[in-house]
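What follows is a single structure, and I will ask about it in a moment.
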């Protein structure tokens, strides 16, 4: 099944396209890496798919219908991990994870312990996040990914600040997600070793320098 | 519903091409009427029995005050249209309207204060209208400050439009509460204009000045909006042609 | 309709209120002038910038490359 | 995938959000105490700067307490959405299935709980220092109780509009202050009337109506502003 379809899509900044208009489709089970040089607008592109950036031209279709980014059904299928992960430093790891699933899935707090164990944070559940290292903070954010039931994962640089073992584990998770009918859109600076990675290229527009 | 016509109407190019003649007409009209109204009001209208010649300030004070108020609504509605239908032109109009409105509000405040000196013997009175005018000036300055604060044009437009709309909802509330406040704190004897009927010989120049100020307001708004269109669309070919004209 | 004042000096004095009336008219017409001139002034500024930018672009593409190379080292 | 995820439990989501906001507020106690301290220090300035004459202070007290409460609220507004904007939580809220208006309401409520309510509770002490007639204490507290809630609600619009600005504090005060005029007028008048033994019912009712109006309108404006502010 086709999840996302882009037609003649390009993000704008101050009315100017950031990259050349493109047509792509994302189906169930697809793993897509968004590639392009620095400044081509990879982050902006991912944000615009999530409804966090509204200046673009062309159209996006979600399951065949024009995408409305505040649509309840769409938001229930979307997982977004950005540069800023949304982990609150004054809260503990457990509180952060519980809040996330409460807000996003309407779930009551229950399985955060197991999720935190999977990212190697057992014993840190009740430590305020400001006492954790950058890598550990990142893991708190990734713990949500391990518990996510959502179909479309949009991950902006998910591999930053985690070690080799963590990368392998995350790659495994992404692969499993695709095998069970989910789809993943991601950007990364690292080479990913997963089979069947498709790539969407952003070709920057030649900008006239003033 | 089909909003295609609105987008054509909201296209900067269309607007720029259609308003060329209007600018000339409004300009001539406003300058003539301003001169006629001012000369009539200053030199030909008779003296007021109570206030003496100082009442002649009314011919610029009242039109400026009324237009600065109307200008806020024009600005806010333009912003609202921009937020709902995403027309480029409305934000351009909104951007152009803010400084014009702020300057006219300042003009109304200044003339009100100067008028107060011969009438009440003091430069500043916490009169309901003057106080509301001052708050209106703050509202304008807030919108301008927000427009200036953002690097990103789109954010500047949309946030200042929301602020202008919130302000628009608040303006009547502010006016009513300030009015109520002055009845509490001040003897009712101080009033700007008597309710008595004004002699036609005094009224005609006022009416001319009203029309003149409205014409002037829209003339300025059109010209600022046209300049803003050229600034924002300078990367398009048609604006490039206009800007290069006369320089080769 | 007649000129209300007897002569020019009476017109300028306006009883005792000449200062206030003329101050108001002076300031308001100054603001009007300012508002009227502002768009033209802005437009002139914009034209100047635009023409300068166009000249920079068209005059010599070759030196630009040199400059860019210079920046990279 | 799992169709069970489509049952979105709204009350769970609201509960999680309320719990989070309350936890964050109570863990940053400095943010609770700073506006209070400001409130107290400025009140000390009044006799020092004007006069310690009890008769004069009695006259000034209602308006002064209200003006300072307003400024104290204004000071605390900048942080309302700032932290969430900077660490990315705001993005997660915008793309969550829970409508943003609810989240704004919850955040404003917890803001009021840590600024408006403590100010209200502290007000009698300040009334004492400024020789406010004792009969007016309850009305002072009641008017601040209603008024500070309106201040937080209206202020949330300004906070949402300026959250993405690096130094938005000054612009925030500039755009919010004119909107506070009606609240100040009726709030101060309520206390004034009570201090003089006059009827304060009308002013208090207006404060209540204003609060109701702000409650219905402000969260929508703030939510719209937040959606624009995350657009970076």
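For clarity, chains are labelled A, B, C and D in written order, and residue numbers in each chain start from 1.
The working rule: contacts are C-beta pairs under 8 Å (C-beta built on N, C-alpha and C of every residue); 3 or more make two chains touch, one makes a residue touch a chain.
The structure presented is a predicted model; accordingly, all values stated were derived computationally and were not measured.
Chemist: Treat each pair of touching chains as one step and give the shortest count from chain B to chain C.
Modeler: When the steps are counted carefully, the minimum from chain B to chain C is 1.
Chemist: State the chain with the largest centre-to-centre distance from chain A, centres being mean CA positions.
Modeler: Relative to chain A, the chain whose C-alpha centre sits farthest away is C.
Chemist: Could you compare the number of C-beta pairs in contact for A-B with that for A-D and name the larger?
Modeler: A-D
Chemist: Just how far, in Å, is the C-alpha centre of chain B from the one of chain A?
Modeler: 48
Chemist: Starting from the mean Cα coordinates of chain A and chain D, work out the distance between those two points in Å.
Modeler: Their C-alpha centroids are separated by 35 Å.
Chemist: So how far apart, in whole Å, are chain C and chain D when each is placed at the average of its C-alpha atoms?
Modeler: Averaging C-alpha atoms per chain gives centres 43 Å apart.
Chemist: How big is the gap, in whole Å, between where the Cα atoms of chain B centre and where those of chain D centre?
Modeler: 32
Chemist: Chain A: which residues touch two or more other chains?
Modeler: Residue numbers touching two or more other chains: 55, 208.
Chemist: Listing for chain C: what residues touch at least two other chains?
Modeler: Answer for chain C, listing residues that touch two or more other chains: there are none.
Chemist: Quick check: what residues of chain B touch more than one other chain, meaning two or more?
Modeler: 152, 154
Chemist: Quick check: in the complex, which residue numbers of chain A touch chain D?
Modeler: The contact residues of chain A facing chain D are 50-55, 69, 72-73, 75-76, 78, 80, 82-91, 95, 98-109, 149-151, 180-182.
Chemist: Write out the stretch or stretches of chain A touching chain B in their complex.
Modeler: Its residues touching chain B are 14-16, 55, 208.
Chemist: Touching residues of chain D toward chain A in the complex: what are they?
Modeler: 1-2, 4-13, 15-17, 19-20, 23-24, 27-28, 83-84, 86-98, 230-232
Chemist: In the complex, go through chain B and note every residue touching chain D.
Modeler: 83, 135, 138-139, 141-143, 145-146, 149-150, 152, 154-155, 158-159, 162-163, 165-167, 169-170, 173-174, 177-178, 180-181, 184
Chemist: Inside the complex, what are the residues of chain D that reach chain B?
Modeler: 157-158, 161-162, 164-165, 168, 171, 174-175, 177-179, 181-182, 185-186, 189, 206, 210, 217, 221, 224-225, 228-229, 231-232
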